[in-house]
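Each of the two complexes below includes subunit A, the first together with subunit B, the second together with subunit C.
Up next, the complex of A and B:
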């Protein structure tokens, strides 16, 4: 029924199968929309946030998806600016994943604020000293860049591309994409960094506070670095998931191997910086504020924030995947590669989790307890909502757009186009 | 503000913890004065709105050595380093401000859009969120203070040192041809309500005011008190708050700062 829309040279499942898949994800999406409406009409009392937990699941999800969406800017930088030409075979997908991540982040932010109708105040009454202001401006601008990068992909749909104007527009946009890639990298450096600065500047919160360079705490640089390391890992992770879901090989091994190698180097250097930062924070910064390292990791309910979480983040989800990605023989094993990128993705998520949640859970006043939090179903549903949206957008894009340029070559169709 | 007299004020408090009985009159007075709403179910204090909250501290020792202390906690109106209070610079919409002329950290309810970054920044939990729209029991809306706006759902609020009282006192003084306020002309509701006289309020920069004489802030050390019985909460973090607590009990003073984080154990 929709065969005229499907790209040449590739095979897709039947429209019925596809409709069922979209319906399942659509149902999940609608569940999220229901929760969203409850939150909009009844307020943030629908969440389990408290005055101790002003930031919770949503802000974590926001920081996590932006870090993981970093694959778009970093792959773009590698492809268009540094000239790693092989990556042209995965850049489309990196852009699409980035687009999903950043649009999700904006959606979550729109749910998260207590007075959504005043959200524009962040631009109108902007406080230039606030890290969130920089995040809002750069995030919005970069989402614009990602949209510009995604448009030519849409215009390459078989039917749209028949329209001469769209054909030429897509062609010309491809020609100037290096400019947008450079702009995207510039904007990403600042908003990824500012997200790190969000907790890094909080000198009233010794768990999150870091010293730094001029007005930028060290977390500013660490967040950008980790996004450049874990973003490409997420691109590989989602590519592998897509390959499993479709039962097809979509990107050649040499492309994945190059991206994995670069991600490995980024992750390894990031871990060196992260370990130095953690040591300096534990040995110098926190003690200067009257805290020992173990104050942040002990006596909390159920050891939810025990020292295990630091070990898990740095060793299991940091050093280990870096080693796996740096060793050619290991990363060329598909299972090891998948494990490595999964761990790296979990590491970025865990880092954002502790910087948002543990930062607020750890008591600062000596007579206050650890604060606990478990999200309400409305928070969970609205956090899953963007995942369902992402699955739907990726599914539609995969079905109707030439996302994977190597797919026809890797999956030739006998006797057909 | 006060540009006519050319001198900056630094309003602050001295709270004598040895006098505080924990009666909660300061909390009630604050809520009545500032139109802070209450809900039927206030069991979760982390969902409650309390511009002033009284904490109960214990020394952790068994009877008969056990001691307790009640600690009233309004907004600390941190000055930080040159007005860089923890919560002010983080607000993306400039909905809060450090007034260099009064030392008061303001909150503009109509500007706040509820991102709650300031709440994450404040280590004292003085910034609280309106999780619900305020609902007043029938007839109680007629008891609201007309000098203070009620706040709506979805925004952050906090203690303002009853700033409206400062404005009213200044208007009255100006009408009478005066530029300076007497110490008693601007007092917060909690100060006036305290039956034990545990709370003093005034200008820390004015040596004639009781708060300055008792707190003895040292300007060379960002306001650190020269009174051996005085301390400020979490002074070590560099928040430079303007609430000075007094206690002759060492364990109470230690509980207030991060130098020794836990009250003495048995």
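Up next, the complex of A and C:
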């Protein structure tokens, strides 16, 4: 029924199967939309946020998807600016994943703002002393860059590409994509960094506070670094999931290997910086504010924030995947590679979790207990909503757009065109 | 956002923040304008019997 829209040289499942898949994810999406409407019409009392938890599940999800969406800017930087030409076979998918991540982040922010009709105030009445203003500027501009990078893919749909104007527009956009990619890298550097900077400048929160360089706390640089390291891992992770779901090989091994190797070096150097930062914070910064390291990791309900979380973040989800990705014999084993990128992705999510939630949970005053928080179902539903949206957009793009240029070569169709 | 907004001050914070914003928006705007105008030109040229931008 929709065969005229499917790219040449590839095979897709029947429209019936596809419709069922979209319907299942659409139902989850509608559940999220229902929660979203409740929050819009009834207000933030639908959440379990309190005065102690001004940042909650949404902000963690925001920071996590922005970090993981960093694969788009970093792969674009490698492909268009540094000239790693092999990555042209995966850049489309990196852009699509980035587009999903950033549109999800903006959607979550639109819910979290609380007064969506005033969301434009952050641009019009900008507070130029706030790192969040920089985040808002760069985030929306970079989403514009991702949209510009995604448009040529849409225009390369078989039917759209027959329209001469669309055909020429897609070609011209590809022609100057390096300009957009460079702008995207510039914007990403600052908004990834400023998200880290938000925690690092909170001098009233010793768990998150860091010293730094000029106006930038060390977390500014660590967030950008971790996004550049874990973003490509997320791109590989989603590519492998897509290959498992479709039962096809979509990207050649040498492309994945190159991206994994670069991600491994980025992750290894990030871990060195992270370990130094953690040591300096534990040995100098926190004691100067009257805290020891174990004050942040003990006496909390159920040991939810025990020292295990630091070990998991740095050793299990940081050092271990870095070693696995750096050793050619290990990263060329598909199972090991998948384990490594999964751990790296979990590491980025865990880092954002502790920097957003543990930072607020840890007591600051001697008479305070640990603050506990459990999200309401509306918060959970609106956080799952972007996942369902992402699955639907990726499914539609995979079905109708030439996302994987190597797919026809890797999966030849007998007698088909 | 604009110098005519009532809270605008000509200080370093406003110049750096908004300068960066307008710098990025200008690049994106000019880039897209170039692509669209050139696509119109190429389309008209190819309809006139030419070979467009000569690609593919």
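Assume the second predicted complex is superposed on the first by the 417 of 417 C-alpha atoms of A that agree within 3 Å, B and C clash if a C-alpha of one lies under 4 Å from a C-alpha of the other, contacts with A are read in each partner's own complex, and residues count from 1 in each chain.
The definition used in the following text is that contacts are C-beta pairs under 8 Å (C-beta built on N, C-alpha and C of every residue); 3 or more make two chains touch, one makes a residue touch a chain.
Computed from a predicted structure; not experimentally measured.
In the superposition on chain A, A:249 makes contact with neither subunit B nor subunit C.
Here subunit B and subunit C are compared by how many residues of subunit A each touches, and B touches more.
Of the two partner chains placed by the overlay, only subunit C lies in contact with A:172; subunit B stays clear of it. Of the two partner chains, subunit B and subunit C are each touched by A:126. By the document's definition of touching, of the two partners only subunit C reaches A:180; subunit B does not.
In the superposed pair of complexes, A:11 makes contact with neither subunit B nor subunit C.
Contact with subunit C, but none with subunit B, is seen for A:144 once the two complexes are overlaid on the shared chain. By the document's definition of touching, of the two partners only subunit B reaches A:203; subunit C does not.
Residues 124-126, 129, 133 of subunit A lie in contact with subunit B in one complex and with subunit C in the other.
Put simply, subunit A touches subunit C in their complex at residues 123-126, 128-129, 133-134, 137-138, 141, 144-145, 148, 164-165, 168-169, 171-173, 176, 179-180, 183, 186-187, 190.
For subunit C in complex with subunit A, the touching residues are 1, 5, 7, 13-14, 16-18, 20-21, 24-25, 27-28, 31-32, 34-36, 38-40, 42-43, 46-47, 52-53, 55-56. By the touch rule above, subunit A contacts subunit B in their complex via residues 43-45, 49-55, 112-116, 118-119, 121-122, 124-127, 129-133, 136, 198-199, 201-206, 289-291, 295, 359-360, 364-368, 371. Residue ranges of subunit B in contact with subunit A, taken from their complex: 44, 46-48, 55, 57, 71, 78, 80, 86-87, 89-95, 111-117, 119-125, 127-133, 152-156, 233-234, 236-239, 254-263.
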